[in-house]
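Shared between the two complexes below is subunit A, which pairs with subunit B and subunit C, respectively.
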Partner chain A sequence: MSAVIEAIKEKAEPIINSLIALIVGFIGGTLAIYVSGHDVGQAMYQLYIHSIGNPFENIYPLTVTLTYAGPLMLSGLAFALCARAGLFNIGVEGQIYMAALGAVIAASVEGLPAPVHALLIIVSAVAFAVAWSAIPAALKVFRDANEVVVTIMLNYIAFGVVDYIIFRYFPNPEDATKSIIIPSYARIPLLVPQTSLSWNIIISIAVLLVIYFLLWYTRPGYELRVAGTNPKAARYAGINPKKAMATSFILAGMLAGIAGLEKVAGLPPSYSVMSSLSNLQGLGIDGIAVSLIGGNHPLGIVFAAILVGALHAGARGLNLVGIPKEIVWVFQGMIVICLAVPNIYTLVKRKIAYLRGEEVVKE
Partner chain B sequence: MTQPWGMAIDILFMTLRSMVPILLASVGEVVTERSGVVNIGLEGILLLGAFFAVIADTATGSPWLGVLAGAGIGLAIGLIHGIISTKLKGNQIVSTIGVNTFALGVVGFGIFAIWHVWGARTIPSSLTIQPIYIAGRALSPMVLIALGIAIFTYWWLFKTSFGAAVRACGEDPDAADVVGINVDLVRILATIYGAVLAGIGGAYLSVDWFAGVTKEISAGRGWLALANVAFSNWNPLLAIGGSALFAFFDALVMWIGPMPQVNSVIPQEILRTVPYIVTIIVISGVIKRVRPPKALGTPYSRE
Partner chain C sequence: MSAPLVRVEDVVKVYPDGTVALKGVTLEVRAGEVLGLLGENGAGKTTLMKIVSGLLQPTKGRLYVKGKEVRFTMPAQALKMGIGMVHQHIPLVHNFTGLENILLGLKGVRKEEALKKLKNLMKQTGLKVRLDVPVEDLSLGERQRIEILKMLFRGVTLLILDEPTTNLTPVETKDLFRLLRQLASEGKGIVFISHKIKEAMTVTDRVVVLRRGKVVGELRTKETNPKELASLMVGREVVFTYPPKKTVGRVEDLLVTKDLWVTDDLGRQAVKGISFTLRSGEILGIAGVEGNGQRELVEALTGLRRVDKGKVIFKGEDVTNADPAKLSFKGLVHIPEDRQNYGLVMTMTVLENVLLGLHRYQQFLKAGIVIDWNKVAEYARELVKKFEIVVRSLKSPARSLSGGNQQKLIVARELSKKPSVIIAANPTRGLDVASTQFVRNLLIELRNKGIGILLVSSDLDEVLDLSDRVAVMYEGRFMALKPTEQYTMQEIGMLMGGVEV
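And now, the complex of A and B:
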């Protein structure tokens, strides 16, 4: 019996670690709101009613949270997959820009039958993202180039290139602040009418489950995880860590491609790319936090994405009381810094035991 | 007739100006990594340094106190990251990814919260560091200070016993421990040193070069610095050359970008990506032959 409890405790520990980090991040973010002179109670109320509210009376706030959560699951998973293979892939951001470029270029093609055109848009978005992801993969495998620096640089390059090409060659003739629009037959349909919640969320969860299965129930998935946790042992067991690296980068590129597609083809009302890529920016960065909060685990990522999605949905409310949306990154940054500390729970537990011990001595 | 020379000197001065933040951040990171700790939060520290420098500058009217504030925020971040990387045996990459995200949040949020403007706050030139004049051209004293810090850092890192202790912690912490060096303490100090220099580099961006702060002011310079650390083989003197190379491309792009004859061939948006492309080429082409400190990135624990 006690063995079962021990096993549950062991499983629960990463969850408790994440919870502690979330609490610290939340306190830090709240402190920033307080220091800046805003009414904390009012801010928390806005955060709550715009992300959850009362779902029995009005489901809308919750649909906004889930709308944000859909693409976040995929950008988080893209980071997690590489992390599992021992790589820090910061390049999801740029791969998402590239996916958007691929979608927009394909959308500009004329004279194709609707289903073919829709398929072309999907394939093109994913192909662009994978191609962009193949660059750090190749440089890592063949030149052992630091993937963190390479992917960050590629993000800056992607921003410059994508923003320029889209607004130079594919601007919307009726509205200069956005690109040409994805045709209606190639859009991801709405899940709940009168809201922004589309099939994105279903697609994301389905993709997550597929990746979960791949990682834990197939040989390549096993090899990828072993190569990440212990490259020496992997080599000894005949696993090629370079192959695992390349596989994780390419899969991450596909995930980023789908995430970008969800943003461009599955999000009403714009169904396009906004100027300065404003409707895409930050999705890759947020994915890192989502992945780390979710313990780089596909199932943890579902919850983490909903949580960060709720933060974004709530931030719209904060905007109404004059708090910029960047506050979300204050929360996230502090959460991630805490998550860097392993076994934060054990440390806290030891500290408490130590304090208790001291009290005993005093008595 | 003198025009080609004038152009060359223009480019030289622009390169020196662009070099400062990259050089300060690289030299600091050389020390941090030599001690065995990696800090990929340079970009975030530059951003935070720029932001807090403007706050202190506008509050006190002294840009030098702004620089001090930049150093101060660097110290705070360095201390936190140093402790996480040593005592708490944390993941150094994750910790500083957090720093970068935190910086994006604090600066984006703070610029609006304090000054009620979106994304950018400028300061009058009277509140910036006043230039000195060399051959009739304005030059920031920060250029000389940054070069001085690089040379001084080289001296103490390679010629003093404290420098030897720092390097020992990065190469062979077990041996360092045996001879009585407090590995964790040295690493925390080295991490603070690096973060303080990055904070000063950030302050330079806002209270000197750009006369103001925006939420994109660091523009990847922290990442260029990180690439430069390996490019200069973890050597503060070589880091001067590396920074000059990265800065040269930065300056070149700013200089030729607005020219109409260039603009008609390559648009500015694309031209601006050149320093990033150079960085990728440099780290995937040149860095093969260098070797990082052996214990880089691993917390030390006594067996």
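And now, the complex of A and C:
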């Protein structure tokens, strides 16, 4: 019996970690609202009715939440996949910009039959993102460059390059604030009419399931996880950790590509890239939060993405009653900080043991 | 006579994992002497001196400094009482200069004054180091001298050195010995921790020999000899009984190495031209104090480290620098010394660990890529049953297993690959008596079935009990290689300590 409880405890540990972080994050966010002199009850109410509300009467708030959640699942998954291979990949943000560039460039091609053109847009978006992801992969594998530094810098470069090329060469002739528009036949169709919720969410969940299967039920996924958890054991078992790293970078690039495509081709009403890439910005970075909250696990990421999506959806409501919507970043930030100190419990335990004069081994 | 510099009384040390490192040790260090602390790996030498220098706390027992009882909770307190230890791996800040390292942690010391004082110290002691160069550009010998200088600068009266000659050239060693003698003549106490008999004979006044956490001999250096020290160091306790060895029918050469040269992580020659032949149905033991190139040899043979020069031939095929997967597929398996880092992925499940290294076997794959976890589980259950591995569930992480069961899991997995050669590195280290007996019996049974086993172990009893032939490794070379029964204990002890017989 106790064995069963032990086993449950082991499985539940990461989930409990995330739940504690969520609670602390919400307490912190609540405090921030209170300290800034706003009505906590009102804020919570607004967050709630604009993200969930009563779906049986009005499904709209929920569709907004899921609209945000779709691409977040993929950007979160892209981070998680690399984390599983032992990499801290901050570059999803830049890869999403590149995907958008790929989509826009392909969209500008004229004279193709509709299905071919649609396919070209998809392939081009993914290919651009993968190519951008191949840079840190190559630098890591061949020169052992630190992937954190490389990907952060590549994000800046991607922003400048994509913003320049799109608004220099592919501006929308009717509206200077956006790029040319993705043709209607290449758009991801709506799931719920009269809302912004498209098939994005279905695509994202399907991709998540595929990656889940890949990681836990296939040989390459197994090799990737072994190499990411313990490179020494990987070498002992004849697994090349560098190959696993490269694979995870390339797969992450593909996921970022699909995420970018969802944003550009699956989100009404713009179906384009907005100036300063404002409709893309932050998706990759929020993905890190989603992945961490979801325990770097595909199934956890589904819930984490919906949660973060709900926060974003609810934030719109805060503005309506004069509460700065930036409050939700406090929630998100607090949660991530709590998750970023996973060993805090062990540390505290050890410190107490030391003060009590109990055995502490140092080496 | 005045009180000794340091006296430890009935000190017992039990590590949190249950290892008993010291079983009631009493010992004194006097001013003006060089005391040699001699013993094999795991004898407790370093643990004892870490207690004296405040890095570890004793589980039981008392510590006196100049006649006064003390309790240290951190090295700084010991340093204040004049006790300093120079560790085997010297903890310096690599991009700081020698001077900066020496002053690190000292408050209110002016650089110029310190420099003047250090120059005086160097003149007095003849200790020469470059103080204005980043430590990373200095040789290991120079770094050690900086550490010694640091201790002297802080006014220690008892200087403890842990295996100080490991990284020194012969000339540096000679200089170090001269320095130690001089410091002793100035009234300081020196503790020289070593396993090298020759060096202990050269530099010490008195020798204390530790074995398995107990003092087994206390002698004046003048009144002893290398033979006596060797037998004290390696004296054996018989606890195990083994199945009888049987000779097998046809004997073939399984693993042949020719003039193997390998470098270690720091770029030094760790293996210097080793040649041997491992035959079917024999256990070839490699004895020696750890750090004499055994690890590098094993890694080179198993594809984890590059061979610089020489050849490895397995069943007639040249496998020099082949990768680990290829080797294990051909039937050469490795039971790694560091099971928690190499043999297992501790956070992954038992089930996932069973697949480690077997993950390319078609029997566990559907369509060559999808893992058939049901088949793996079936296989895992069989191993667990056959090897009596105590495991709560196949879904538990490997770290939840006891050390013995972790090792059984690795052994079970590797043996299930149907090997013809097993390379086992310290296969029973840290295991309880029952698990040790289990693994050793298994090795003999496998030998009787015609498998060739290379047993690399720093546990001399293990090597002597199991091996048909034994090689003694010292500083990257084989001091000797012959049938086990042709050695005397004394001879082995001397060879391990680098004394030619």
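Following the convention adopted for this analysis, the second predicted complex is superposed on the first by the 337 of 363 C-alpha atoms of A that agree within 3 Å, B and C clash if a C-alpha of one lies under 4 Å from a C-alpha of the other, contacts with A are read in each partner's own complex, and residues count from 1 in each chain.
Operating definition for what follows: contacts are C-beta pairs under 8 Å (C-beta built on N, C-alpha and C of every residue); 3 or more make two chains touch, one makes a residue touch a chain.
No experiment lies behind these values; they were computed from the predicted model shown.
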item	value
Subunit C versus subunit B on the shared subunit A, clash or fit after superposition	clash
When both partners are placed on the shared chain, which of subunit B and subunit C touches more of subunit A	B
Which superposed partner A:235 touches (first subunit B, second subunit C, both, neither)	second
First (subunit B), second (subunit C), both or neither touched by A:299	neither
First, second, both or neither for A:114, with subunit B first and subunit C second	neither
Contacts of A:329 with subunit B and subunit C, given as first, second, both or neither	first
Partner chain(s) touched by A:223 [first = subunit B, second = subunit C, both, neither]	second
Touching partner for A:23 - first (subunit B), second (subunit C), both, neither	neither
Partner subunit A, residues of subunit C touching it in the complex	15-16, 55-57, 59, 73, 304, 323-326, 328, 334, 336, 338, 341-348, 352, 355-357, 359-360, 365, 368-371, 373, 392-393, 395-397, 400
Contact set on subunit A toward subunit C in their complex	3, 6-7, 10, 217-220, 222-223, 225-226, 229-230, 232-233, 235-239, 357, 359, 361-362
Contact set on subunit A toward subunit B in their complex	32, 36-38, 88, 90, 139, 143-146, 148-150, 152-154, 156-157, 160-161, 163-164, 168, 285, 288-289, 292, 322-324, 326-342, 347
Interfacial residue positions of subunit B with respect to subunit A in the complex	40, 80, 84, 88-95, 97-110, 112-114, 118, 215, 220, 223, 226-227, 230, 267, 269-270, 272-273, 276-277, 279-280, 283-285, 287-288
